[in-house]
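Take a look at these structures.
Next, two complexes with subunit A in common: one pairs it with subunit B, the other with subunit C.
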Partner chain A sequence: MILASAGAAFFIVPLIGLLLRTPWASAWHQLGSPEVLAALRLSLLASVSATSIAVILGVPLAWTFARLTFPGRAVIRALTVLPMVLPPVVGGVALLYAFGRRGLLGASLAAAFGIHLPFTTAGAIMAETFVAMPFLVITVEAGLRSMDTRFEDAARSLGANRWTVLWRVTLPLVRPSLVAGAVLCWARALGEFGATITFAGNLPGRTQTMPLAVYLALETNPDAAVVLSLVLLAVSLAVLIGLRDRWLGAS
Partner chain B sequence: MTLDARIRAGVGAFTLDVELAVAAGELVAVLGPNGAGKTSLLRALAGLLPLGSGRVTLDGVVLEDPAKRIRVPSERRPIGLVFQDYLLFPHLSVLENVAFGLRARGVARATAIVQAGRWLDRVGLPSEGERRPASLSGGQAQRVALARALATNPALLLLDEPMAALDASTRVAFRRDLRRHLESYHGVRLLVTHDPVEAMAMADRLVVLEDGRVLQSGTPAEVTQHPRSRYVADLVGVNLFRGRASHDVITIAGGGSLTAAGATDGEVFAVVHPRSVALFRMRPDGTPRNVWEGRAVDLDLEGDRVRVRLTGSPPIVAEVTPAAVRELGLDRGDQVWVAVKATEVNVYPA
Partner chain C sequence: MPARLVAALIAIAAIGGACSLPEGPSPSRPSATITVFAASSLSAAYTTIGTDFEKTHPGVRVTFSFGGSSTLVAQIEQGAMGDVFASADQPNMQKLVDAGLTAETPRVFARNRLEIVVAAGNPKHISSLADLSHSGLVVVLCAPAVPCGRYAAQALQKAKVTVKPASQEADVKAVLSKVALGEADGGIVYATDVKAATGVQGVPIPAALNVVADYPITVLKDSPKAALARAFVDDVLADGQRTLARYGFTSP
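Moving on to the complex of A and B:
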C-alpha cells in the first residue's frame, strides 16, 4: 500500500509542482508572446503534417502487415515499429545519415532536386513522422486484424472491386482504430524532441517546435516554459480523455 | 441456366472434392454435418476460395478453370450470397446496404436508391430503409440480406444456412417468405444447411456432403428411403448396416449378419426401421427371421414410443410401446432377444 502510494505520488507530485509554479496572472500574456506563438504555430503545422503523412503511408503499410504474407514480413514489420522503442535521438542521427548533406539519399536529393531536408521545417516534419508513425501503424493493423474479413467477402460478392471494398467497407469498419491511431500519432509528434533537435535543429520559427521552445525557455524565460508545458499537458489530457473508452475501460 | 461444378480445393488439411450440377428452376440443398465443407463449397463457387483443380461453369461461361488459368474474380461473378449471420454493413443504413451491389456495379446513386427501396418493399420492410442494421431483429436483418443479394439480379444465388441464426418462431415465417422469393427467382439456387427439416421442406434435390465429399444425392424421398451414410440414417432415424450379401444373407462389416428376402449379391446397404425390431425376454421360435441376443443400453421416451438402443452383433435401435416395455420389465442393462423379419430388411446396392 505504501509502495503503491509512493508510486502514484511519483506521477502526481510533478504535475502539482508544475501547476503551483504556473504564473496564472501573466499566463495569457506569455501565450501571446511572439516566440511562444511561433513555436505553437510551428508545432501544430508540423504535427498535423506528420500525422497526415503517417495516415497516407501508414494505412497501406498496416494493411500489408495485416493481410499479406510474404517473406521477410516479420523483419520489415519489426523495423517499421522500431522507432517506438528506439531513443529518438538515435532516430535523428539515423535520419541525418540518410537524408543529411552527405547522407545516403540526401546527397543525391540535393544534387538532383536541390532539396535540403536537415534544419528545415520539412526536416522537423520528417523527424516527427519517423517517430510517430509506428503508433498509427500498429493501431490500424490491430484494427484490421480484429475485423471480420467476411464483410469484405460480402462486398466482393456484391461486385465491389478491391478499391471500393477498401473505401466503402474496410476503412469505415476500422475507423475507430484509424482515429485512435491518428490521435496517438499526433500526440507523439507534438511532443517529439530528440529526433527533431538532432535532425532539424532548433531554429525559431522554422524548426523550433514547442518541446524545443520549452527546453530553451527554461534558461531564459522560465514563465514561458511553464505556460508552454501547461499547454502540452492540456493536450495530453484531452487525448487521454478522448481515448479513455479504448484504454481505461468504461470506468 | 445451369451450374456445373467440379471442385477440388484445399483449406488447410481439409480437402473439398465435389461434383455438382444444378439446373435453373431446381432448388438444391446441400446437407451435411458441421465441418463437412458446405461453406467452403459456397466460397469456392463464389470465387472466394481458389480451386486447386476442377472447373466451374455457369450458363456455359467458365468462371474458373485452373488448368486453363481462368479465374473470374468474385466481384465479376454474377452471384448473390446470403450468410448465416447476415453480414450487413454496420456503418451503412438498411437502404444503402441493399443499394451497395448496384452502386458497386456502376448504377447511378439515385437509380440504385430507388431500386433498393423497391426491394425493401418486396421483402416487406418498406419503412425500415433509414435504420441501421444493428437495430433490426434477426428476421428483418436476414430479409435485408436477401434483398441485398437479389438486388443485383444474380444468375447464381448461394444461401449459406440462412435460417440457422433465427429463433424458432421467426424461422417459420422467414422460411415461408424465402420460399416465395426463391420461387419468383429465375437463376440457379443453392441452399446450404445442416438442418434436415429445412432441407426437406425447401429443396427439390438433396446433396449430402460429408468430410468434403458428396455421399449421396437425390430427391428428399430417395435420400431418406435409401440412406447411404450413418449421418443420413441418423437424420431419418433408421438403422443402417453395410455388408456383403450372398444368397440372402448379409454379413455385416462390424460383425453379425442379417437375412433378407431377395437381396442381390455383393456390397449392400441394409436398412431396418426401429419399429420393425421386436424384443423378447425368451428366445422366440417359429417363422424364419433374424434373432440374436442384445443388451439394452439406453431407453428414451420419444412421443408415444420408447427408443431402445441395444448392443449386440449387430447393435440396433428398437422402437416399442411403453406398454411393451412394462410387459418385458425392460430396464437399462437387461439382456433381451432381438428379432427382425427378413421381409423388414430393406436392401440396396452400395
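Moving on to the complex of A and C:
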C-alpha cells in the first residue's frame, strides 16, 4: 500500500505543480494564439496519422510474430522493437541516415520521385510512427499469443476462409489488446520530441508539434508553455478516461 | 511480489540516489566543483579554459552545461544550481539581471561574428546572404529566441533579405550539424563554429551587414562557491583571452 501510494504520488505531484502554476487569467488568451492552435492541430494530425500507419503495418507484423515461425524471427522481432529502448534523438539520427537527403533510401527517393522527407509534416509523422509503433506491435502480439486459438480452428473447420477468420474471429477477440496498443501508440506519438526535432526539424505550422512548441515557449514565455502543457494533458486525459472501460474490459 | 525482490529494488534505488549526493573532499576527489552554464558556441573554448583552470587550481573541478543561452536562462530562472553563466548575447543575460539572479554586473569577455555555413565544396554556390533566399535551397536557422537566431534576423534585415527556413533549431550546434549531415544547404552560425567544425566551410558576411555578438559573463547569485566562481570569471577575462582568440573569438 505504501509503495503504491508512493508510485501514485510520483505521478500526481508534478501534475498538481503544473496546475498550481497555470496563469488561469491569461490562459484563454494564450490558447487563442495562432502558434498554439497550429501546434495543437499539427500534433493531433501527426499522432493520429502515426497511429493509423502503426495499426495498418503493426497488426500484420504482430500477427507474423505471434503465429509464424521462421529463421531469424527473434532477431527481426528485436529490431522492430528497438525504437522502444533507443533514445529518441538516436532514432531521429537513424531516420536521417536512412531517409535524409544523403540517406540510404532518401537519396534515391529524392532523385527518382522528388520526395523529401526531412523538414516536412510527413517527416514528423514518420518520426512519431518510428518511435510509437513498437508499443502497438508488442501489445497486439501479446494479445494474439494469449488468445484461445480454438475459436479460429472452429471457424476454419466450419468452412470460413482466412480473411473471414481474421476479420470475424481473430480481430474481435484481440480487440482489447488492439485498442490498448493503439492508445499507447497514440500517446507516445503525441509526446514525441527528440526524433521529431532531429528528423523533421522545428517550423511553426509545418513540423512544430506541441512538445516542440512547449520546449521553445519555455524560454521566451513560460506562461504559454504551461498552458500548452495543460492542453496536451487535458486532451490525453480525455482520451485515456474515455477509453478506460474498453481498454480494461474483456470483449 | 516477493519480498526479497522488493527489498532489492529499494536497495538499488537508494544506492542510485546516494551516488548523486555531494561527497566530502578526499585525496582522490576534487575539493570543490563549480558548474558553468555557457552558450553552446563556447563549448570548445570553455572546455579548454576549464582544463587550464583545473591545472592552476589543484583540487578544483569545472563542470559545464552547454546549451542555447535562452534555454540556460530558463533553467536558471526555474532554479537550476550553477556558479557561472556565460551568455551569447546581452538580452538573455539581462533577463537574469532583471530577475535578480546575478551576483555582480556582467562583463563582456569576447566578441563573435556571424558566418554562413555550407557543405564542404559549397555545391550550391552560396556566396552571400541574398543567395540564401533562393527557393529550392534548404536553409536552417536558429530559433528566434536563441541568440544566433536573433543575430541572424538582424543581419538578414540589414541585407534586406527574407529567408524561409526549413527549420528553426534550438541551438547553433544543431544548425551546424544539419548542414554537416547534408540535410540543409546552408545556415547562419558563428564564425567560431565554422572554424571548429569539419565537413563544412564558411561564406563570410561583409562587415557592413554582419552583427557583432557580445558575450557577457557573470557569477550567479546563489552560487555555493562564489569565490571560486569569481576566480573562474577573472581567469576567462585574463588568461582565457588567449584561448578564446585561438578559437576565433575577438576581444571585447
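Here, the second predicted complex is superposed on the first by the 221 of 251 C-alpha atoms of A that agree within 3 Å, B and C clash if a C-alpha of one lies under 4 Å from a C-alpha of the other, contacts with A are read in each partner's own complex, and residues count from 1 in each chain.
Keep in mind that, in the parts below, a residue touches a chain if its C-beta (ideal position, glycine included) is under 8 Å from a C-beta of that chain, and two chains touch if they have at least 3 such contacts.
What you are looking at is a predicted structure, and each value in this text was computed from that prediction instead of being measured.
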item	value
When subunit B and subunit C are modelled together on subunit A, clash or fit	fit
Touched partner set for A:P118, first subunit B, second subunit C, both or neither	second
Contacts of A:L216 with subunit B and subunit C, given as first, second, both or neither	second
Subunit A as apex of subunit B and subunit C, Cα-centre angle in degrees (nearest 10)	150
Partner chain(s) touched by A:T207 [first = subunit B, second = subunit C, both, neither]	second
Contacts of A:P172 with subunit B and subunit C, given as first, second, both or neither	first
Touching partner for A:R101 - first (subunit B), second (subunit C), both, neither	second
First (subunit B), second (subunit C), both or neither touched by A:T69	neither
Subunit B versus subunit C as contact partner of A:T164, first or second or both or neither	first
Shortest CA-CA distance in Å separating subunit B from subunit C in the superposed model	33
Set of subunit A residues, in rising order, touched by both subunit B and subunit C	none
Touching residues (chain side subunit B, partner subunit A) in the complex	43, 46-48, 73-77, 79-81, 83, 87, 89-91, 100-101, 104-105, 148-149, 152
Residue ranges of subunit C touching subunit A (in the complex, touch as defined)	6, 68, 70-71, 73-74, 77, 138, 140, 143, 145-146, 165-170, 178, 181-183
Contact set on subunit A toward subunit B in their complex	148, 150-151, 153-161, 164, 168-169, 172-173, 175
Complex contact set, residues of subunit A against subunit C	3, 96, 100-102, 118-119, 197, 200-204, 207, 215-216, 218-220, 222
